[in-house]
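What follows is a pair of complexes built around chain A, which joins chain B in one and chain C in the other.
For the complex of A and B:
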């Protein structure tokens, strides 16, 4: 259909023409206009307290105490259940967040600007692995770390980024792909590249060598530090692709631990949702699939731009980590995702696949026609609040979302 | 339709198989050392005729 093909061409032009730059770190309350006191933005499509999964409720309780809105977790949970907290989706506020995706006024947010279109997108700083708030952790250790990120790391990174004029992310991703990252469950190379880019600027602006040392050590020790940067980048790339009349390109995929939701360019900001699926993966020592929470997080914005499970071929090491099979299987995942995408990204290539560009621009028509659901690499949270990450795996997006979207898009373009 | 001659030729000669759809048939043959290429195929739109018709009009 000519309208759809033309619209998709424009969508791909906007996607591939994006120039994302990490420019700042700023408290959410200063940059997210509608974010108020006693308001929490979460991952995924909108969800109310009664329908939230365990780790989401755990994180809500934790962040409520962290912000000083409640004295303890019990009071916080009671406050949330009683309507004392306003909830909304990160995606409604130019933001994204991994796993539970907590965004509140005092959270320092990474700011990525798309210099082609001028829009900005935000994501909180990655806390590290294990017991962390994004996986539902909420004890004193978790809250103390968040306070340090708010008071020390965030301001230092913001000042350094402003001083150095930001970090261009497109070439950084290209390099990371050639170093074995897929930018969802493997960010070892890109985290190192970010550290290398920012360390000198952080040293230049610092007047406290102990704080500087702790900040650099924190980034160095966190292999997933870059994930949240990649997510803000994904949001900054995809937001300008929204609302192109007739386009069947997916602009967001996201999960709140209860539902999986997608948005399609030609259907505006409407969510199409279906119950989330369970990831299949590998578990840390002492945990099994009986401990696992269903799929969760805004991090699927990474797959939406052709990375993560779509770029598995760049990252044979991650195939083993997420239990996706032998390293030699990694390229098959990327080939399969090519079947549901409208283009390849000529600037983000996979050397070991003869410099194939990562599959880009998921076409909802192709998903439904082929029956091939997007492959997502993901962390796995414990189903109970307060415990944290228990493994990593691969999950398929539920087909019902895509079928609903196709029907709605057909209505929008006058097909019945 | 095959003639008797065709059938005896099929059963008597070396098999080379292309399997379309369910992969179980391919794995069974492979387990018996029969060379087989599996084509991962499903009916369009999971076999839903209404969705398949919409998709056809939408240009897939």
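For the complex of A and C:
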């Protein structure tokens, strides 16, 4: 018990002491550790092709064509099914990816460095809403956009970031919270803040005003542009919290569309998984629950650091996806999440909740003890490959993975 | 024929989440096959088109315009749905349930939100209660555990832990306490004063505190300990800690102990502890005989005796008129009790009068109910056999219905004794409920019914109102449960 409390204190110290900075954009093949040709990193805990959901298979077919490993989607799918492609989890390579979370060699990766500990984490650039690869979209429009991100936007952002010395993310998040973002479902304020921070540097390094204009327009038009930055930041913050002996703090939550998985500091890199649940939420025109794929993506790293569903109180507009959307209801989500967290973040506060710090450091013991599952704000993908996002809402993490984790932690610290 | 209707609100903005909510409401309306509300940006118009929702009006909309699009079984259904949703689009406030107040869901969060709180009242199913109590104790909180069905092993370990932490572990199965004037769970609104109580019995505490309060005295604290505390397995841990607290409490001048007879190993320890105290004690171990009490303690045979002794021997008897003419040779007493200790008190009074008594919760000297159909029967309706899957009779008085009908129909029964225990937690109108129940049952030459009302004028049900309601229903009302039992003896011509 004392060991656990002490270990958790250390975990919280590392979490709150992190100094994440967006420093660069670099092709994945040059920077993501152990990423090889014909290898695809995906969201969530590891999953084999046969167990992948429709959107995940769709995205894999699409990215295989995009990388030039197959000529068309059909060939790509049979290549993937036949073992011609190596799969692994983003989390095993210092990376994260939203929804299907495709990471391959040629994709430009946002690089966030934790200046306190020196570790780095990576995430691809957000493609926008609707039909996009992260939701399993894989047609020519999707692939062309990815190519433009690879050839134009990524290099320009990388050059600008290097030129300006990076963007400090901790203060940016603090401001975003006061502007109504919770950084998972709503990133409109932070996306604007990023654009404001980077625009001058991008103009400075650019010698092609058309390309510059297109790049700025792309960022401007994407309310979720900042999500992927927040995710890389989350990974950069949580990785140094891994492997603290006895700590019951959750270091990662993630879903591959089939299973929900968590990792706990005191149990190292072991995944505890359970079948993923269906989100509850609102749907775009023409779609219903019947079209929805189960919950998916590494984006729950955002909740792991106290944002997203945990910071709902900052973002009443998002609470409207479930329930009536009253501000008091949004605050209740945050209150409920503080019941399962070891601390509150004094630097990330919610003005309308009397500057309550966002609940930080999910203690797996408290989750099991209270029966309160982490609340996750999420986008909803179509269950068929190639269609994309059809809604957004809220989903609960399945309790079974937390129960497994508590048992294993008890074994590790010698409590039977 | 299916009809697609678009209505454009020019220059009218609403955020996308609000629009998705409205879309869902619109889609659920009668005759609607598909519906959406979206701002008229090119990408949104494409989505509407893909969903078969875009008509000419919508296609002409600009980015700053709001498009209401609905496809329904016919034109009139589409128009009706659009008309129905329009007020919601234009109203600034949507229908909400108002502010919801956050209620902590764990002891940890509740303690954090109320840093000055020093007590946790635990009322969860028994299998979870011990774990919650452990958390509370380790936070330094006193615990009142209303939950029952907690194992004796858990009770021992919780009370041992509480002793180490120097906090009170009241319960399990602790129904009543009054601390610093705050009534907890089933308790009465009594006057504050100088009598402190440690009790293993909920209704026993309620009867004694109410009698003291109604007769000019007052209560400093009433500490519940749970029904098993004075068993040898538990060793009276909470009773002894309760005495310590009351000993140290300047307000408390007199201490009353209420319990069933203690285990034989515990008894001398309690006696020794009383002897160490500078304060006078009243000891009411209902059913116990030959107590070898220290000089600073007085034995009380009944709860009423205990209340009278605590007030310095003040007599507060209330005789009720006896009328034996209508009994017609029926000689038996039938007690139908919601309070277990009140049932025990009545058994003691009947036994002391030399009667044979049988009960499903027999005190020493009484028989088990099944053994003897001929004795006076005192039934504890709070016993498990009556409460399986139902609330306690203090909450659900319907439990009394069947036994009451049986007693009324029994030609041997001359007097029926009933307790009405009011206060916080109890049914809002037990007297009225009993009167209603009786109105459909009574015939000629029925047994006499004598009741008492445990509680005070300050209780939510108001004692005098309950008494009036009982009297209006033809029920005799005594000043205390003991007085009711004595009145029963009088009516049957037995000298008590």
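Rule of thumb we're sticking to: the second predicted complex is superposed on the first by the 409 of 416 C-alpha atoms of A that agree within 3 Å, B and C clash if a C-alpha of one lies under 4 Å from a C-alpha of the other, contacts with A are read in each partner's own complex, and residues count from 1 in each chain.
The definition used in the following text is that a residue touches a chain if its C-beta (ideal position, glycine included) is under 8 Å from a C-beta of that chain, and two chains touch if they have at least 3 such contacts.
Model, not experiment: these values are computed from the prediction.
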Inset, instruction - Classify the contacts of A:370 with the two partner chains as first (chain B alone), second (chain C alone), both, or neither. - result: both
Inset, instruction - Tell me which of chain B and chain C touches more residues of chain A. - result: C
Legend entry - Touching partner for A:325 - first (chain B), second (chain C), both, neither: second
Inset, instruction - Look at A:403 in the shared chain and tell me whether it touches chain B only, chain C only, both, or neither; answer first, second, both or neither. - result: first
Legend entry - Touched partner set for A:335, first chain B, second chain C, both or neither: second
Inset, instruction - Tell me which partner A:317 touches in the superposition: chain B (first), chain C (second), both or neither. - result: second
Inset, instruction - Check whether A:285 is in contact with chain B, with chain C, with both or with neither, and answer first, second, both or neither. - result: second
Legend entry - Shared chain A surface residues [contacts with chain B and with chain C]: 366, 369-370
Legend entry - chain A-touching residues of chain C, taken from the complex the two chains share: 15, 17-18, 20-21, 23-24, 34-36, 38, 43, 47-48, 50-53, 69, 94-102, 104-106, 108-109, 131
Legend entry - chain B - residues contacting chain A, complex: 42, 44-46, 48, 51-52, 54-55, 57-60
Inset, instruction - Using the touch rule from the top, collect the residues of chain A that touch chain C in their complex. - result: 130, 282-287, 317-318, 320-321, 324-326, 328-329, 331-332, 335-336, 338-339, 366, 369-370, 372, 391
Inset, instruction - Going by the contact rule at the top, pick out the chain A residues touching chain B in the complex. - result: 1, 4-5, 248, 365-366, 368-371, 399, 403, 406-407, 409-410, 413, 415
